[in-house]
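Labels run A, B, C and D following the written order; every chain starts at residue 1.
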Amino acid sequence: MSEDRWKTAITEIKKGEIRVRGYDIVEVMEKLSFSDAVFLTLKGELPKREESEMMRAILVSSIDHGVTPPSALSARTILSGGNSLNAAVAGGVLTIGDVHGGAIERCARILQDWGKRSDQISDIAKKLVSEFIYKRRRIPGFGHRLHETDPRTIKLFQVAKDLNFGGRHMELAQAVEVELTNSLGKKLPINVDGAIAAVISDMGFDWRMGKGFFIISRLAGLVAHAYEEMVREKPMRRLGNWNFEYDGPGRREIPDDWK
Amino acid sequence: MSEDRWKTAITEIKKGEIRVRGYDIVEVMEKLSFSDAVFLTLKGELPKREESEMMRAILVSSIDHGVTPPSALSARTILSGGNSLNAAVAGGVLTIGDVHGGAIERCARILQDWGKRSDQISDIAKKLVSEFIYKRRRIPGFGHRLHETDPRTIKLFQVAKDLNFGGRHMELAQAVEVELTNSLGKKLPINVDGAIAAVISDMGFDWRMGKGFFIISRLAGLVAHAYEEMVREKPMRRLGNWNFEYDGPGRREIPDDWK
Amino acid sequence: MSEDRWKTAITEIKKGEIRVRGYDIVEVMEKLSFSDAVFLTLKGELPKREESEMMRAILVSSIDHGVTPPSALSARTILSGGNSLNAAVAGGVLTIGDVHGGAIERCARILQDWGKRSDQISDIAKKLVSEFIYKRRRIPGFGHRLHETDPRTIKLFQVAKDLNFGGRHMELAQAVEVELTNSLGKKLPINVDGAIAAVISDMGFDWRMGKGFFIISRLAGLVAHAYEEMVREKPMRRLGNWNFEYDGPGRREIPDDWK
Amino acid sequence: MSEDRWKTAITEIKKGEIRVRGYDIVEVMEKLSFSDAVFLTLKGELPKREESEMMRAILVSSIDHGVTPPSALSARTILSGGNSLNAAVAGGVLTIGDVHGGAIERCARILQDWGKRSDQISDIAKKLVSEFIYKRRRIPGFGHRLHETDPRTIKLFQVAKDLNFGGRHMELAQAVEVELTNSLGKKLPINVDGAIAAVISDMGFDWRMGKGFFIISRLAGLVAHAYEEMVREKPMRRLGNWNFEYDGPGRREIPDDWK
């Protein structure tokens, strides 16, 4: 089990030369937008025109969501403890777990697994929704805490429509949305996680990379928040008294005969 | 010292509305490239045309550097221990410390501090270089381990030239390069950290944000490496026997009369 | 979904007073060993005499395992990138994932779930082993990469025997070991993860806390490794050329008609 | 600059054998308390009787401080984002930066640097205090936010006194406390960071390891807090509306003629 060679198909380094997926970094710096370069690095191939546009829209969409997401709170708290920018931002990325951006992978996984079936999309959607309802489980990618109609989701689907971009997974996502509304009697729209999940699936990305897009997008926001904490606030931020509450054991003493 | 309010000037969230630095995210998704959106989030203002082009070039330049930088190694090692993609990537970001991307801030700091002086650029450069030589200290941003002529640096300065982009800090960086070569008798060119430092300084960014650009750029590479480790390699990677060496105390026993 | 109060039953703070699980920290500092204090903090109660001894043995057992575990490698790599001691150690802790110490929780979970059954221990063991063999799945906590007979495991069971410590979970673990050997025809002994899992289960700890004991133990080793890297090695450690290999796409150019 | 060998003097691993600083782990598990094993791992030698007692007291003293320190908040926030126990605890450790436990190293550094002088302790203390007052800088290790008389500090010095433990650094710390009070006209007592700094310095530990003791101690608290968050609270904790405030630019639009 000794692994002592690091194999990679991503980037080749020689003296004076850097090639990302075979392309000279100089040429990439000349001709690619940042989101195209991201696509190339992750996919291994240059994006087609519609993929390029969709990727741009996705990466812009989640660039920040204010100070309340747990990732921004962590980044700011860690900065406050007297740490460097990269440590704070790392803490923010670390917070982006299973319920904070994790819906992208979970939704993409569902779309990819169910999308493999040979049935008609509408039939797959019916079976999918009824299985989840039966198991009393939420379908990741549908519904949102705050934004009933998430402006980012509407825009993403708009961009896709204008580009004539879309494939099996986006169709399935939209069929599921319809089916959910019918079954539950209330609107449970695709949210931004579901929209991104559907789009990246139709770009051919593995669901396991799903959260990566969200992290790459949100990184700029985390840097901004960590920096803002650094320049605007005093170090070692603390909660005021009224924000916490002890409800553990009352005062007690170690018995004389203990041990 | 109770801090219970989180103040932010970055993003405003209302039901159904997200505004980054005052701009509606929907409009941003419509009109901005990803690197423009990054600029807006960090700077607080839309980039001018030349700033937009330079930021694109900077963010593309450092998108990956293969498997050997410590950040890629950490990300892959953490993934290998059986952790999630975000944990692995967080570890990679955490590695981007004072000597791994840190030169960008240190160089930007020097350019910004010295650039404030009212002297002629060439005089400032002379004093700067001779002070560092006297203190026997390297000037961050100059020289490179592997690439004697770093293709990324040459390209960045080419882009700047074509755009007619540049200000006091870039002039100072170039004057320092000339002065260093004269003083040391050998070529110690600006490296990619120094180039980025000079450019962001002329865009008006605080040096303390310097490393953020490198992290935002390299994130895509880290995601790619963590993902590659996940799909190509067995978990729990180990060094082979010949890679480590114990040189501590020899065999010994706890004495009977200890304590 | 607004959570703005932090409730805790662990520690109560008043001006001039700190009470951990109800006990005055001054009294704890007077009367408890460090491992007893750890037990109290995690369990919420003072340990009984045998629990105290077992906890001590467990926490000592995993204090370090040299430079090759991924956690030590991460800690050292992060330190090398020019980061602080706490950042490096955090990276080490971050590496302790599902396959690096994770077996403790997975094994504890199995012992706790199966241990709830009302059957005889030997019958439970038979069903457990045959279910795992049928599903072609390894039972976490049994077998070891390097140490065929792990000295730490033998010692832990020795300590337990001398203390007459043990309950349903330890019995089950030992019955599973016997059953595995019978079924597979080769020895697949309990390893240190399995031993710890069994012991903490008999102390009444939830399996979800399982990895915490390993982390608390290994912390000292990680601090030692990060510190050693700091004082003995040059910053920015790199792999030599022969340690990595690029096997991605060959040289190629962006086509003129791309996009 | 190719580093491909990992050298360590901490732990030697052979098949069936683990030796920490030369001692067989089995013997260590037999004879050492957990705090003694921590001392051995970090120092490289077995502690003397008084050192053993002091280390125990130090490690117990900081085991937890409730839910308000930034490290507990980070750990809980990261857990809340849907991450594993080790990720949450790692985030807590990451928060223990320059102003959160960092005073231990900064104070130890001052005591060690100034303690090297050949003057009388009282004279060193006078010069030290007047230099810091002149530079308008706080001396790390003195004064406390909440506890005017920190019970942990009083206890640590009590233990030291009873053991007759103490050397140059503890003397200097106490002389500085006296001198500060005289100079400022108000009591600025040694706090727990200063007490730990003084004690570990008299044990011969390098100041750069200073924060390690605090991290090792607090780890148990962080595990308890992460676990408590896991079992008591719903995932994805959020601040209520009234806890944040946007004060950035007002609504604006991207101009038609932008770029």
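FYI, a residue touches a chain if its C-beta (ideal position, glycine included) is under 8 Å from a C-beta of that chain, and two chains touch if they have at least 3 such contacts.
The structure displayed is predicted, hence computed values, not measured ones.
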Could you work out which chain's C-alpha centre is the most distant one from the centre of chain D? A
For chain A and chain B, let me know how many angstrom lie between their CA-based centres, rounded off. 23
Please work out the Cα centroid separation of chain A and chain C, and write it as a whole number of Å. 29
With chain centres defined as C-alpha means, what is the inter-centre distance between chain B and chain C in Å? 35
Multi-chain contact residues (two or more partners), chain D: 1, 4, 6-13, 24, 28, 32, 66-68, 73, 83-84, 86-87, 90-91, 94, 96-98, 145, 236-239, 243-244, 246
Draw the chains as points, connect those that touch, then say whether the picture is a line, ring, star, complete or other. complete
With touch defined as at the start, can you tell me which chain D residues reach chain A in the complex? 66-71, 73-74, 77-78, 80-83, 87, 90-91, 94-100, 102, 145, 235-239, 243-244, 246
Provide the residue numbers of chain B that touch chain D in the complex, in ascending order. 1, 4-13, 19, 21-24, 27-28, 31-32, 44, 46-49, 52, 83-84, 86-87, 94, 145, 239, 243-254, 258-259
Over in the complex, which chain D residues touch chain C? Could you list them? 1-4, 6-13, 15-18, 20, 24-26, 28-30, 32-35, 37-38, 41-42, 56-57, 59-61, 63-68, 73, 76, 84-87, 89-91, 93-94, 96-98, 101, 146-152, 154-156, 159, 206, 208-209, 211-212, 215-217, 219-221, 223-228, 230-234, 236-241, 243
